[in-house]
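Note that the chains take the letters A, B, C and D in the order they are written out, and that residue 1 is the start of every chain.
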Amino acid sequence: MSGTGFILIILTSFFFTGILIRTKSIFSGRKGPGIFQPMKDIWRLFHKENVYSQTSSFIFKIAPDIYFASILIAIMMIPFGNQKGIFSFNGDFVFFAYLLAAGKFFSIISALDTGSSFEGMGASREALYSFLAEPAFFLLMGSLALLTGYTSFSDIFSSISFDSYISIAIGTLASFVLVLISMIENSRMPVDDPKTHLELTMVHEVMILDNSGFDLGLILYATNLKFAMYGAIIANLFLTPGKELYYSVPIFIGAQTLFAVIVGASESFIARFRMSHNPQFIITIGSVSLLIFFAVLLMLGKYI
Amino acid sequence: MTNILLITFAISLIYMGIANRLSTYINILALQGIILFGVSFIELIQINTLNLIFILFETIFFKTLAIPLFLNYIIKKNSITREAEPYLPDFISVVIITAIILGSFILSNIVSGIFIRKMFFLAALAAVFSGLFIIITRKKIVTHIMGYLVIENGVFILSLSAANKMPILVNLGITLDIFVSVLVLGVFVNRIGNTFEEMSVDNLNNLKD
Amino acid sequence: MSLSLFIILITLLFSLLMFFIKESWAGTIALGSVLINTAISSWVAANAVLGHSFEEIINTGVVFGDIPIRVDALSGWFILMMNFTVLTGILYGRRYMKHYENKSGMLSLHFASYIINHISMIGIFMVQNSLAFLYVWEIMALSSFIMVIFDYKNPETLKAGINFLIQSHVCILLLTLGFIWVSTQTGSYDFDAIRQYSVSVSPAISLSLYLVFFIGFAIKAGFVPFHTWLPYAHPVAPSHVSGVMSGVMLKLGIFGILRMLVVMNQNYLIIGYIVLIVSIISGVYGVMLAIVQHNLKKLLAYHSIENIGIIGIGIGIGAIGIGINNPYLAFAGFAGALLHTLNHSLFKSLLFYNSGTIYQTLHTLNIDSMGGLIKKMPHTALLFLISAMAICGLPPFNGFVSEFLIYVGLFEGVHSGSLSIITFFIITIAGLALIGGLALLCFTKAFGIIFLGQERSQFEHEIVEAEPSKLFPGYLVLVFIMAIGLFPQVFIRLLINPVNVFTAGLENASPSLAMITNIKSISLVAWAFIVAIASIWAIKHFVLRNKKDVIAPTWGCGYSAPNSKMQYTASSYVRSYRKLIGPILIMNKKEGDIKGVFSSPIFSHTHPYDKMESILIDYPLKILNKVMSRVRFIQNGNMRYYILYGVLFVIIIVLVSLLSGMATYVFNLLKQ
Amino acid sequence: MFIYYLIISLLIGAATMLNRNRVVRIVLLILFLVVQTTMTIYAYYHLNEENSGYFKFDALGVIFLCVLTILSYTTIYHSYVYLKHRKDSIRSQSIYFAALIILIVVMTCAYLAAHLGVLWVFIELTTLSVAVLIYHERTPLSLEATWKYVFICSIGITITFIGIILLSIAIQETNIANFSFKAIPAQLINVNTSWLKMIFLLMIVGFCTKMGLFPMQTAAIDAHTVAPPPISAFISTTLMNVGFVSIFRTYTMFSHTPILKWMNIILMLSGIISIIVSAAYLLKVNHLKRMSAYSSIEHMGLAAIGIASGGIGYFAAIFHMILHSFVKASVFYQIDQFHRNFKTYMISETGNYFNRNKAGAMVFLIILIAITAMPPSGLFITEFWIFKALFTSSHMFIFIAALFFLTVCIYSLTKNFLFILFNQTKDLLPAEEKPNSTETYTQYFLLAIVVYLGINPPEFMINLLNDAVSILPK
């Protein structure tokens, strides 16, 4: 059945952030909270009432729902190994990307809706980074489409296989790019430090300064989901097709956990960039995915 | 005989180049009238009398008497100063007019296979171009008319060279041209004289962009 | 009597009537005429789109000869699109123009040219006789020129009007060149003559002929670098006119390019490449400049350039698809292009109507001085929001569908083509993604700054929502935007015939069906998205049913007295972006410097300027002026010179012919 | 018949000269118009008919005669309006109208002249009769302009005359009849080509003064500037047509000799230079009448190019001249009203005409469209044909250059007209009398003709045009 991926991602999302935070605390020599603590916080938030700024309008009220919904639907497109996602069709990753963009659109304008200078700042940065990151993702998917000859998540991932060195190189590069993209999309290190306490240096947190209660809960959980989603995509790269569930589910969980640990580790060892350095960093991702494209061309022997 | 007259005519052109008195110009014009009279008398003795009389009348009466007098009258009436006031030094004028004569000589040699006597062609062409030259390089408005008259003389010579087969109509044309233009121009010169105190073309370049 | 003549007569009648009645009636008259023409032409066009082409031949005397009126599916599609926008345009315009009644004295002229413009556009889509085509084309340009200079009290308007007229004249010159070229070779004005000619000559020649036409039409369509008239003409025109111009008139250029592609069906591959390159540049460049604009309508104008670029990408893909004989690719490309043509006409006209409404309430178009309008004008805000999302190509709205088609085509092409095609397409994909991201930045700025937050400046007049009759056309458009977004498959079916005009030649495994099934799933997901939003919203309200929202001031991060001046402005919102693309822009900056301890209020203005314009237009004009001033010694008022010219003319020509005679003589000597 | 026409109309002219009574003058004018019209109709119905020796009702002449007759109605009407507002002395008015009548008669003769000498004589006469009209306002400027016009035209006409003499020398004949346009071509068969070239060159340069082509366009412009607007209308339409007719006849005369290509080059050169010059001056000219004059120069250049490129170009050139006459005439009629409204011709000192005189402003707007050769103006079609001919004769360089400089002209014209119509920056004092919209009817009428002829020229006109170009080499 095609819902497996969806369910698994939802499951992962419960403990993903927990693992991440746990890793960080371990590296910094603390015990740290339990891995379900973030979910508990979110659950608590779900029972709180909303506080709205008097400046804000219905945009601010509706935005979190749309943001959340966009990510939910996006997840439904993620396949699981050789099982299709709930929605799967040619070029579904285009839809995927634009759906996320729609969500982002609303989170940005809801930030602007409050009329706060800080949130405007965050919105501006978010918009800037996302438009810089778009081409990288599409280049990557284009290269994969070229490699496999298919134009939908499920076909691409189910037909991708690592038998030659170059394909392994491609796989590593691809997962690298995906990790970085997810870093940007979830505004983690090195682009953004969620733990910073100075609004001037925030990107994502500063956008949601005015959100509270249920809405805040939605947004936070959406972030977890997003993480899990990207993790799933990366995991899909390595799910060799045709394996049974009892074989592939652990791989999936493992990959996700590994991803979370990596993120946590990187956050505890890397320092964030200066704001002005972020753009060129993001551009670099684009050029890396261009490298993937050339690699694919080499592999297909179209480019000798 | 004709050729001698024509050469004299050409010389008169050169003289016009160096003359710097209006009275001299007028005299030269009168002289040219006489020359033309002579030429036409010699050339046209055998054509029908009416035509001959008409042409002789034209040369003697208009070119030699009427127009010079008329010009004198204008100059007196408008108290025009007596210098021609050329833009170029006389030396260059002479050189250029000589060049014109030389050029027309070459040109008359080039055009071949046409029944026209080269001397006539030369004189006519030289007159026309020197007339234009005078108009272009002299400052006074009256000298414009004089240059114009020189051109007319050239045209007349040209017509003479073909006159024995020349339709009277065109001959009429010449008359009309000289008569009318000189009259009209004279009238306007008078007007200009009344309008501007100083009869120089410098008064007449207000219409420009 | 023939349909076309009937339409023409009706229109002339109405436009004459215009001058003999009260100004306040002009709008209604125009509406009537538009309705009649729309009804007739749409009937013909709809039949054509459904597969029954229309053809008649009008014989008009010696000048034009026979004028063939042919409406195939392609023309039909464009006519339907055009009619709808023109209709909403007049519906909006006659309300919009109420403000100017008995003020400018140009109202009747304006509306007369509006309806004349309408039929001239119908004519452009129908007529297939090159001389008549030029005729209607020029009438279209003229009438739109008159509409542009409506607000003549503002000197900017006249400048822009002249700029527009001249550039459209240049476009006409190129078309004239092309048509003369053909008609001298074939002796016929019929478009079929072009077809025969283009197949009879060598590919290189027919390609160059096509390029002449392409550049001509590209000026009208506003492809970079032929776009410079566009950002001036659109802002100064009345908003419904800007809507029609940007929504429809640019598409005339697109139509011309497509029509010539059909007529000359030759070397598709190379044409595809050319169109693709130009389009990518247009798309990226257009949106890049759009972002930094402060004037709302100018921003929208630059966005038209970007959208034209997207359409062009579709055309390029389609042409390449035919070139490499890949029906799926061709279908995706052309369907995407045609659908995006329609979509752009919808949301761009809607955006311009809204900007008009805003302009009439605030009397300014400067984004930085707006803000918080959403509370005063919720309907306008909603319309603007939806159309902004649509133009960014976000699901579940129509803009996404066409871009999706193009993406599908690109990815399809990526693994079916040669190396060059792959490389081109990958670059195009990246470019398209970049365009999408930039559009997002641009319209979050536009919507966010204009409608959200607090008012950034005080207006002496109170701000109220536009009256319903002004909103109605907007909602009419909105219906279509939603419809295309949620039921794309219907429109894809309608597109089969128009696209077939191009792909008829291919031996195709009818790609449309596969495409339609694919598109069906889009609508499915779109619905799912909406349902998800609704359900989450419902859940939220269920959970919080017995908690009431708390209203508090915006959190100022500890600063207790925030005011509206502290908000992010449009300029500050895009500042970091502006720094990034600095080299491409020309930013004219004016700043007053601080004097003394208690300085007088200082200012800082930035005016973005188009670099291409300064290179391609301003500099050559400077040269031209220099040259021309050299010629201006002739009329110097000094008669001696006047005579000298004649003399010199004679002498020079005599000398030259003599010398040439000698030269030939010597040459013959040498030959022996 | 024609001789009677001459006598009658000259008598009427003399009567107008002597008459001092308003009513009688009106009667005389109407009488003259009747005579002129009957003459035109007679000429049309006796096409290609020799008449009273030196005249012939050939197609070319008749076409332009029709134009002249139509325009003489409007011009006389507008002259009447013009004089009414100027409040001139009765005497000067009589002189004005007499000269006008003479001018019309003389131009008629020039159109219909079938004999080189006669044509020449009448062209000279047009110069003189128009000189009186140009000088009508009696200001120093008008004096200067008239002086220049008369002088340069005399020079030009003399140059032409030299050409004629050389021609007469070339064709060794004594019989006057052999100087008619019909007879000349046959006698040019075995004439030295360089000689022919010189003849053609001289004659063309002479006629350029009338047609307003480079190199002799200068005088015509100054004449436009100072002449009363209705007369400017005549100078830049029917009078330039005289020049065109004479050039066209000369061209036809030589068109079967070996120098055809050479002639084309000369005309092409003259035409393109005229266009360039007009473009250069239109860019900076500030005097409305001068602007219109320069635009006439531009159109003359186009017509010359049309002739030079042959083929359909001949046809197009004549057609172009006709339409241009109607447009340009209406320009100057409107300029008269414009001048009464603003008391100046300087464009920079006017503005907002659209609100001062709606009817006149609409005329200007339509004229702008018409004169820049945009549809529905008929000039669009003729220019299209001219450029087609140019393309066919494969003068690519001229083709591009002409298109380019025409665009420059269009830019300048649009700029200036829009300034006049809409500019708000100037605070002008209001017009003295309320503009009278009935004065614009003639312009609407003429412009309507232009549009109609462009879309669907009547059968007889096409036949006339074809007849006029039938002798020329295809």
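Keep this in mind: a contact is a pair of C-beta atoms (placed from the backbone, for glycine too) under 8 Å apart; a residue touches a chain by one contact, two chains touch by 3 or more.
Being a predicted model, the structure only gives us computed values, none of them experimental.
Chemist: Please give the groups of chains connected via touching, computed with chain C left out.
Modeler: Excluding chain C but keeping the rest fixed, the chains that touch end up grouped as A | B, D.
Chemist: Based on C-beta pairs in contact, work out which chain pair has the most and send it over.
Modeler: A-C
Chemist: Between chain B and chain D, what is the gap in Å from one C-alpha centre to the other?
Modeler: Comparing mean C-alpha positions, chain D is 31 Å from chain B.
Chemist: Chain A to chain C: how many Å between their CA centres?
Modeler: That pair's centroid distance is 37 Å.
Chemist: Whole-Å distance, chain C centre to chain D centre, using C-alpha means?
Modeler: It comes to 43 Å between the two C-alpha centres.
Chemist: Could you tell me the distance, in whole angstrom, between the mean C-alpha positions of chain A and chain D?
Modeler: 79
Chemist: Could you list the positions in chain B whose residues touch two or more of the other chains?
Modeler: If we look for residues of chain B contacting two or more partner chains, we find 110, 132, 135, 144, 204, 206-207, 209.
Chemist: Can you list every residue of chain C that touches 2 or more other chains, as numbers and ranges?
Modeler: 632, 635, 639, 643, 654, 658 - these are the residues of chain C that touch more than one other chain.
Chemist: List, in ascending order, every residue of chain A touching at least 2 other chains.
Modeler: Answer for chain A, listing residues that touch two or more other chains: there are none.
Chemist: Which of the chains are touching one another, listed as pairs?
Modeler: Listed in label order, the chain pairs in contact are A-C, B-C, B-D, C-D.
Chemist: Quick one: in the complex, what on chain C touches chain D?
Modeler: 60-63, 105-106, 109, 131, 134-136, 138-139, 141-142, 146, 149, 152-153, 155, 158, 161-162, 165-166, 169-170, 173, 176-177, 180-181, 183-184, 624-625, 628-629, 631-632, 634-635, 639, 642-643, 645-646, 648-650, 653-654, 657-658, 661
Chemist: Give every residue of chain B touching chain D within the complex, in rising order.
Modeler: Touch list, chain B to chain D: 110-116, 124, 128, 132, 135, 141, 144, 148, 151-152, 154-155, 158-159, 161-162, 165-167, 169-170, 172-174, 176-177, 180-181, 184-185, 188, 191-192, 195-196, 203-204, 206-207, 209.
Chemist: Please give the residue numbers of chain A that touch chain C in the complex, ascending.
Modeler: For this pair, the touching residues of chain A are 46-57, 59, 62, 65-66, 68-70, 72-73, 76-77, 87-92, 94-95, 97-99, 101-102, 104-105, 108-109, 112-118, 120-121, 123-125, 127-128, 130-135, 137-139, 141-143, 145-146, 148-151, 199, 209-210, 213-215, 218, 275, 279, 286, 293, 297, 302-303.
Chemist: Which residues of chain C touch chain B once you look at their complex with the stated criterion?
Modeler: Result: residues 632, 635-640, 643-644, 647, 654, 658 of chain C touch chain B.
Chemist: Under the touch definition given earlier, write down the residues of chain B that touch chain C in their complex.
Modeler: 87, 107, 110, 129, 132, 135-137, 144, 201, 204-209
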